[in-house]
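Listed below are the structures to be examined.
In what follows, subunit A forms one complex with subunit B and a second complex with subunit C.
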Partner chain A sequence: MSERWKITLLLFPALFIIGGLFLGGLVFGLAGSLGYMPLIGLTDWSLDAYHRILSSDSFYLSFVVTFYIAFTSTLISGCLALGAALMLRQTFAGRSVINFLFQINLSVPHLVGAVGILYLFSQSGVFARLAFEFNMISKPADFPAMIYDPLSIGIILQYVWKEVPFIGLILLANLQTIGTNYEAVARTLGASHWQTFRYVLLPLLLPGLLSASMIVFAFTFGAYEIPALLGQNYPTALPVLAYQAFTNVNLGSRPEAMAMAMIIALMSGLMIIGYARLARRYIRD
Partner chain B sequence: MLNRLLKFTQKLGLYGVLGLSTVLASPVLASAEGPAYKNWDEVVAAAKGETVNWFMWGGADNINRYVSDWVGREVAKRYGITLNRIGINDTAEAVNIVLGEKQAGIDDDGSVDLIWINGGNFRTMKQAGLLYCGYLDLLPNNKLVDWTDISIANDFGLPVDGCEVPWNRAQFAFAYDNARTANPPRSIAELIAWVKDHPGEFTYPAATDFNGSVFIRHVFYYAAGGPKTLLGDFDQAKFDAVAPKAWAILNEMKPYLWRQGKTYPNAIATLAQLFANKEVALYFDYDPAIFGINVENGTFPETTRSYGLEDGTIGNTNYVTIPYNSPNKAAAIVLANFLMSFDAQYEKAKPAVWGAAPAIDLSTLSANDQKTFRALPRNLSVVAPEELAKYTLPELHPDWISAIETGWQENVAK
Partner chain C sequence: MPALPAGISVTEIDIPHKVRPEKPRSRLFNLAKLSLALLVAWLVLPLLPLALWSFSRSWYFPDLLPSDYSWRAWEYALSSTSGVPQAILRTILIAVATTILSVIVGVPAGRALGLYQFRGKALIEVLVLAPMVIPGIAVALGLHVVFLKLGLAGSLIGVMIVHLIPTLPYMILVMAGVFANYNPAAESQARSLGASALKAFYYITLPAILPGILIGSIFVFLVSWSQYILTLLIGGGRVITLPLLLFNFATSGRNDITGAIGMIYILPGIVLLLFAARYLSGRNMSAGNLGQI
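Let's look at the complex of A and B:
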């Protein structure tokens, strides 16, 4: 058997699962979004569902909210992770303990983190109760709203808490392979600390940082559970809006749910393509 | 071929009673299958050794315990059936599973055997032909049900058509803390004034929540001057006449709500939390038993009391139903029959267990059983069912409910 055939054959099981389940679902979803669901008596292909979505304010508002949450969480996580990785790379007493603590929340599920945020930051949560004990507030409503709030502070806090160690770990691994030689050379040539970081280390780290950030962005853009638990009811994140349409008792709103899911998938797809382009460009440089 | 013909005649026989015309007039038939069993003994014999996968809302520990522990033990002991309770957050999830299976052509080996259901989800399953129907006459306990009561024979205005078995009755009620609130509002009109006098102390879940939706319907009834004109099929003209009034009332309340109405809780559980944490002064639920449960487990203060409204509150019946593709229909039928039995309904009515109102007609029971039932103690925080039942309002057709929910999202939530 030729090498080529062998590779194809070995890849087949994985490709079959991905192709069959993922693409199959995507095709069914696409058909549904185009109004083709024979099961519930819809057999006419049309773009009505897309029309309805794209002509409603709530879709655009939800899009803005979702983008804002994903962008802010990714940006803050990226910056904090970069700082943390640079610090954890130094040798200092208790480094292994700090390193362990830094990574520990990687193993905590998102949902558990969300409940934690709820207990800590809600208007009757731990911090609100402390503020009450110290006479800083007189009733729950005096405590600043950080859950179910228009700025989505609770959601962003949860994502940052969870994603900083994720990006941080990737950066630490990158730092390990890069080593300290480039920086040492820059320093001997008279570069300042800042210049070494800005012109030597950062460009070397950028592909890793970008790829990790893109993953975080795509994930937070498409995630349902955190905005469902900690988000305000209107405007809500896109996945929550899609799920609401999907569980609407009226089967007639199923095409809209599918259309929204398709748009979310398209956005994520575009982001992955964008990421691949960016990453390739930086790696080539 | 002969088999098919037999089934068809069976179906005719069944639907003859319920009115063949309504069945034929509906765009999709509720179910193509009639029962395959001749008598009850056959069902019980076939059920032995089977496992029932019962999908039900799993948000209340006491209900879960009643089903998993008590009902599970009893059906295992009495009929040799294994009960597997699968907790879900939204009944639509179970409906979506069955729908997906039908789409995939899994017509006799589905994963769902029984669903706790009513209202819109029942409509969805009927609309998509996902129900197994026509076995009610086989059930010995069916005689305990008063099918002449329109609030049982119709699930949110939609005929049951032999496709569901009644399990509980529920009626909406308000709760407050006696120690904190002296005079809670006793009608929607009073509530509107009360909210303005107590800014930040009231809110209701968004229309996407089952309980939030029913609260909004109470305001809608108030705006319409009662539910009478809204009953029956959806009518756009009637809706347009009432809706602006209802939205105006809700928008007028908005700045005085929790968080100035800038957001609403997404789920009834959040409202329960807000009430427990004293962020809001009023709580409400479609199932008043929940007040007692929350007092028993320490979430709500012992001074919690509940009441219905002077202009009435909405009541409903909730049911269990069997999907058309359940592979364990016999066991599901036996379980459904057991759920209607005196033993199961009595156990469920105990305040320490659940405190749910029975779906069976107590007057059909023996004098002794009736006495036992009436002697049940009641948690102080739970309003007496007789008190509530004095002013019961009917539920609306699912199309009305959809229209109200969508209208609220567009006119109030924004």
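Let's look at the complex of A and C:
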């Protein structure tokens, strides 16, 4: 058996599944967004669904809110993760315990974190009770709204909670590979702590940090259950808006749901392209 | 490390103190340590009210702690009237089936990607990576129609199949990493000594890749375990898994029962993480992949 046949055979089942389910889902979604859904009697190709969503306020507001949530969460997570990774690399007493605790919520599903945030930050939550205890508020309504709020603070807190360890561990792995030699050289040549970080370590870490951030951005842009649980009703995050349109009793709004799904796919597709380019450059270096 | 003779790292070279006196670990370091401790506390914090709620009988505003404790929520959650035990079994069944399918399909693919160089490999790697990054809702809305037509929508099997989309990439990537450090020469040696292909696989290949399969399976199990939107859309509300119940109880305001279900829901992840810690040090890249659960 020639090598090429062997590779083809080994890859076939996986490509069949990924191609059929993943690409198939995207292709049918695209067809649906263009008005072609024979199952519910729609057979005319058109851009109507895109016209409708692009001329509606609720779509624009949702897009802006979703972008804001994803961007803010990614930025905060990235900065905190960078700091945490640099600290976790140092040796100090109790590091192994801290290291374990740092990883623990990697295995905790997003939904559980979202419920936890709800019980911490709602207006009758733990922090509101603490505020009452210290006479900062006199009734639950006095506590600033952080759940179902226009600034989506609860959602962002949840994402930061979950993604800091994710980015942090990727950075720790990178730090391990980079080692300390480059920094030591910079220091012997007279660079300060800050200069060593800014001109030696940060450029080395940047590809890993950026690619991890892109994964986080794509995820936070397309996640449904967290904004569904913690978000306001209007404007809602884009995946929630798409789900609502999809489950609308009026089947005619399904093409719009699929058009929104395509826009979510496009945003995360851009992130994959960025990731792939970074990964290739990183490997070449 | 270029420009240095092998075996010598810069840190081993003695640096005279005059060049740059080492500052004592300063107040800044202590401040950083404190913020790290705060960050880690923050990472554990959201789990505490869940645990407390699950044991509370009454916990009204503005009490900082429940005024009365009981096992009520746990008794209800573990009774069959709540639907939780059935949902646990269903979620395990789906996750196990997804894991087995992904081993069967993912191990050969990982071998191809880890052992061989071929044209179009970069494209296939991006294709494998894409389902990890593209959100489930973007794919599932289009698939729903097809699954309806095939009679898979609203069925357990349909949910198992759709869970392969986010899970299979984890198995393939872990196995590609395993096979990248694997030497297939031992297989051909076994074959030349008269072992059948099956025997060579069982005695030579399998023991070498088994730890990888185990780690990949843990990822796949946990990713399937945590799926929400794919199960909701393809299951059509008829395949009730644990996260769907958790969401329903959370939105209906039953904090005590939500707390108990939440505790049950995070248990496998924490157990498997402890187990995997033997294989994955905190520095292992693949541990970070769990973040997307």
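Just so we're on the same page, the second predicted complex is superposed on the first by the 275 of 285 C-alpha atoms of A that agree within 3 Å, B and C clash if a C-alpha of one lies under 4 Å from a C-alpha of the other, contacts with A are read in each partner's own complex, and residues count from 1 in each chain.
Criterion: contacts are C-beta pairs under 8 Å (C-beta built on N, C-alpha and C of every residue); 3 or more make two chains touch, one makes a residue touch a chain.
Since this is a predicted model, take the numbers as computed values, not measurements.
*Asks:* Following the overlay on subunit A, give me a clash-or-fit verdict for subunit B and subunit C.
*Replies:* clash
*Asks:* So, A:83: does it touch subunit B (first), subunit C (second), both, or neither?
*Replies:* After superposing on A, A:83 lies in contact with subunit C but is clear of subunit B.
*Asks:* Considering only the touch criterion stated at the top, classify A:246 as touching first (subunit B), second (subunit C), both, or neither.
*Replies:* both
*Asks:* In the overlaid three-chain picture, which partner chain does A:48 touch, first (subunit B) or second (subunit C), both, or neither?
*Replies:* The answer is neither, since A:48 touches no partner chain.
*Asks:* Contacts for A:119 in the overlay, against subunit B (first) and subunit C (second): which applies, first, second, both or neither?
*Replies:* So A:119 only meets subunit C here.
*Asks:* Counting only touches as set out at the top, which of subunit B and subunit C does A:39 meet: first, second, both, neither?
*Replies:* both
*Asks:* Examine A:57 and indicate which partner it touches, taking first as subunit B and second as subunit C; both and neither are also allowed.
*Replies:* first
*Asks:* Just checking: does A:148 make contact with subunit B only, subunit C only, both, or neither of them? Give me first, second, both or neither.
*Replies:* first
*Asks:* One more residue to check, A:104. First (subunit B), second (subunit C), both or neither?
*Replies:* A:104 contacts subunit C only, not subunit B.
*Asks:* In the overlaid three-chain picture, which partner chain does A:176 touch, first (subunit B) or second (subunit C), both, or neither?
*Replies:* A:176 sits against subunit C, while subunit B stays out of touch.
*Asks:* Applying the document's definition of touching, compare subunit B and subunit C: which contacts more of subunit A?
*Replies:* Comparing touch counts on subunit A for subunit B and subunit C gives C.
*Asks:* Looking only at the overlay on chain A, choose which of 96-104, 312-320 or 366-374 in subunit B hits subunit C.
*Replies:* 96-104
*Asks:* Across the two complexes, what residues of subunit A are contacted by subunit B and by subunit C?
*Replies:* In subunit A, residues 28, 39, 124, 140, 228, 246 are touched by subunit B and also by subunit C.
*Asks:* Per the contact definition, I'd like the list of subunit B residues that touch subunit A in the complex.
*Replies:* Interface residues on subunit B, with respect to subunit A: 27-28, 90, 92-93, 96, 99, 102-103, 119-121, 123-124, 127-128, 200, 206, 208, 258-259, 262-266, 270, 273-274, 277-279, 398-399, 401-402, 409, 413-414.
*Asks:* Applying the document's contact rule, which stretches of subunit A touch subunit C when the two form their complex?
*Replies:* Interface residues on the subunit A side: 3-4, 6-7, 9-11, 13-15, 17-19, 21-32, 37, 39, 80, 83-84, 87-88, 90, 92, 98-120, 124-126, 128-130, 132-133, 140, 158, 161-167, 169-170, 172-173, 176, 179-181, 184-185, 187-188, 190, 212, 214-216, 218-219, 221-225, 228-229, 239, 242-243, 246, 254, 257-258, 261-262, 264-265, 268-269, 271-272, 275-276, 280.
*Asks:* Please name which positions on subunit C make contact with subunit A in the complex.
*Replies:* 1, 4, 9-11, 13, 15, 19-20, 29, 32-33, 35-37, 39-40, 42-50, 53, 61-64, 104-106, 108-109, 111-113, 116, 118, 122, 124, 126-146, 148-149, 161-162, 164-165, 168-169, 172, 222, 225-226, 228-229, 233, 243, 246-247, 250-251, 255, 258, 262, 265-266, 269-270, 272-273, 277, 282-285, 287-288, 290-293
*Asks:* Spell out the residues on subunit A that touch subunit B in their complex, using ranges where they run on.
*Replies:* 28, 39-41, 57-58, 123-124, 140-141, 145, 148-150, 228, 231-234, 244, 246-251
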